[in-house]
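To start, the structure itself, in structure tokens.
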Amino acid sequence: MVPTLILRALVDGVLLGLFYSVIALGLALIFGVMNIINFAHGDFVMLAAYITWLVARALYLNEAAPVAIVTVPVFFAIGIAFYRLIIKPLLGGDPLIQIACTVGVGFILQNVALILFKAEPRSLPGLLLGTYIALGPVSVHLAKLVAGAVSAVLIVLIHRMLTGTWLGLAIRATAYSEEVAKTFGINTDRVFMLVTGIGIALTGFGGVLWMSFGQVDPYLGASFALVSWIIVALGGLGGIRGLIYASLLVGVIEALTMTYISPSVAKAIPFVIFIVATWLRPQGLFTGRG
Amino acid sequence: MVEEVLVSKGLTKRFGGIVALRSVDFKVYRGEVVGVIGPNGAGKTTLVNCITGVYKPDEGRVHFEGLDITGLPPHSIAVLGIARTWQKIRPFYEMTPLEAVTVGALLRTKDISQARRIALETLELVGFPQRKYHTPGRNLTLMEHKLVDLARALATKPRLLFIDEIIAGLRPQEIPTIVRLIKKVNQEEGVTMVIIEHVVRFIAEVSQRVVAIHEGRIIAEGSVEEVLNNPVVVEAYLGSKPG
Amino acid sequence: MFTRRDLVTALAIAVAGSAVPYALGFNQYHVLLALQALIFATIVLAWNILGGYAGQLDLAAFTYVPLGGVVTCKLLEVYGVSPWLGMPVGALAAMALASAVGYPMFRFGVRGVYYALSTAALTVVVHEMFILIIGPWDFYLPRYDGWYYLMFRTWENLYYVVLTLFIAVVLVNLAVSRGRLGYYLKAIREDELAAEALGIDTRKYKLMALLIYSSILGFVGWPYIVSQRTYSAWSFSSSMSIYVVVAGILGGRGSIAGVAVVAIALKLVEDVLRGYIGGVAPGAHLLIYGLLLVVISIVQPRGLGAVLERVPTLVQGWVMWWRRS
């Protein structure tokens, strides 16, 4: 008989991992297709979470989910703007400069949030009134379950899009080689634009998901950032499957160690694993077609 | 009997399911200019990469001046006296030609001023325009990049130099300069050279001996006329653009 | 090894730098600011060797600095060892950690973003280990006064010590940049494979740069924590390390003057902004940082160094124009 505690941790870990994978997916798309390191990615999630909070309060909603109808398209548009204004000039340039620039964007987002919203965490009432569902011996917060389920659906949708549509093919071709894609007549500029749009739209989604079971403060992005990057790196851009495995791995490890070992070690473990993993596979762990 | 400077025996390299080199026995004699021809994808650059340490061969051995150099890392190969130029140029964009070539020269001397002197001599040898000695790499033309690449490699004072598809992307008027340069480096500096190229006419002009590679195997060896008239070679080229 | 111009520059910095406390009227608040700016500049200049010349994006600066500082502090508190001995030990500790993690990284070819992430991950691990082993609280430094303790009631003396260190690090940068190591590191930054083919053992030289960088950082750890007056697990911070990288990039990688100027300017601007606006709009200075970063990355990505390079020609042009009219 597996103790309830472990089951609980596993379930939490899987749900957390699914959530991470939505964020990491956006990051991986941008990095995989354009080779741009978007250090502001987590801060977009933070921004989305705040906007979700604002809109939900303005409309007197208790739950975050419906707001997705607003945030996702808005963030898609933000992604396009982000591409035109910031990403496009950085393309093909020095990676350190790309990093400096996106770090700058992150700073701007964080501190605008700090000035507008102050540092106290904000949450939606739905968080407190959350209902619990029983999954066998374990009870899970409904919102987390929904978030996990929606994430899974989303990821499957994106996977379908990438493998089954012309757009997906264009994206994958461009990711493989910009030059080759151009010779096939693909408008790489537009592909980049769309990919950024999708990537940021995913953060829009992530923000809504997060608000359904968590709190937001200006530094939310920073707490995601490193973990997301580690997931992307571990997944080695081996396609979506690699990413999922990596996210789930990280989520589960985080949840398990949190339960059984001191929080310090829990937080440190994914990073130690990451450091050692890069020694063994400097290009990432889960490389493979996906 | 001319000394064999480089000998590879049974060199094999696989990438996943693809066999890029199949049991290649390749020899280079002291002081010669030997051309390696073959259509695109034949394995020419893979051969260079296996010899110069960029790839580790799966089977086979490489000996340089009697020493087994199989699988050594590229920097050790360079120290031993083998240099190369790059098919797809790898410039030092933020360095000037003088600085880039000095990097090469620093292999043989720790003294910066002496290295600079060697760099200046080498740049002059390859005929690089003097007014551009201090121009940052990002402002150079393709031809100038190739000259710097060559000078960089020459500054390491190699006894064996691999020139990998150097005329790729150059204009027809620029090619005779390269031909003259190769002959000059071979005759005046005594560097043994291996010229990799898929453009047959160019190989014919610079090489004393030719080796033809196709699908990872050597299919012909001999003088320029012998190899270029060899029906097996001609057939391998059918479908690829003629020299 | 050093040209006359180098020595004159070093002297000029020494003189100008020494005058600063006087110019500030020994106002302790201002002298402390100057001290902190100089410490930050020293750190960024050290980073320049690994990040600017060798192009390795290292995000562990604020792992090595506090590590050196804590080691030195413990040696003083527990064994009564003077920081004059403790600082070199701190440097050794930083070097040891750096090589333990760096050697496998370089050996296995971990580079680019993976290297950056690994160093950021290292910071998190050390941070958590500190909480586990030493404790999650803030530790206040004991109040000593005297050269033996390298800690004083006023800030000027420490300022002069750091000024000397700063000049030494500038000279180290110059020596590296002019010498074989500098050429090799820059080649590695530009194209590692091409560098290898020219006989450069890239792993060896990257490690060399890492050791120089981490030892300087470990050394300056003590002045750093003294100037902060406390240390805690939060001293091990990726965000602080990012500031170092930002300053290094804005200054123009490899440009000693650019990096030094930017580092000092950023620190001063941050403190001034925090002093004046901080109360009204916390984070405004970071907002301005962010804007600066974004604008500069897009407009002049080669940083201040590139602008400074043009100054002599600009001045020449101006002089010629003035002569003609």
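Order as written gives the chain letters A, B and C; numbering starts at 1 within each chain.
One rule holds for everything that comes next: a contact is a pair of C-beta atoms (placed from the backbone, for glycine too) under 8 Å apart; a residue touches a chain by one contact, two chains touch by 3 or more.
This structure is a prediction, so every number in the text was calculated from the model and none was measured.
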Identity of the chain that, by mean CA position, is farthest from chain C: B
Chain closest to the middle, measuring from C-alpha centroids that were averaged per chain: C
Between chain C and chain A, distance of the C-alpha-averaged centres to the nearest whole Å: 32
Rounded Å distance, chain A centre to chain B centre (Cα mean): 46
Between chain B and chain C, centroid-to-centroid distance (C-alpha), Å: 42
Touching residues (chain side chain C, partner chain A) in the complex: 51, 55, 57, 101, 104-105, 107-114, 116-118, 120-122, 124-125, 128-129, 131-132, 238-239, 242, 245-246, 249-250, 253, 281-284, 286-287, 289-294, 296-298, 301
List of chain A residues in touch with chain C within their complex: 31, 37, 86, 89-90, 93-101, 103-112, 114-115, 119, 218, 222, 226, 229-230, 233, 262, 264-265, 267-268, 271-272, 274-275, 278-280, 282-284
Parts of chain C lying in touch with chain B, wherever the complex brings them together: 178-180, 183-184, 186-187, 189-191, 193-202, 254
Touch list for chain B against partner chain C, complex: 52-54, 73-75, 77-79, 83-84, 86, 90-95, 99-100, 102-104, 106-107, 110, 112, 115, 137, 152-153, 156
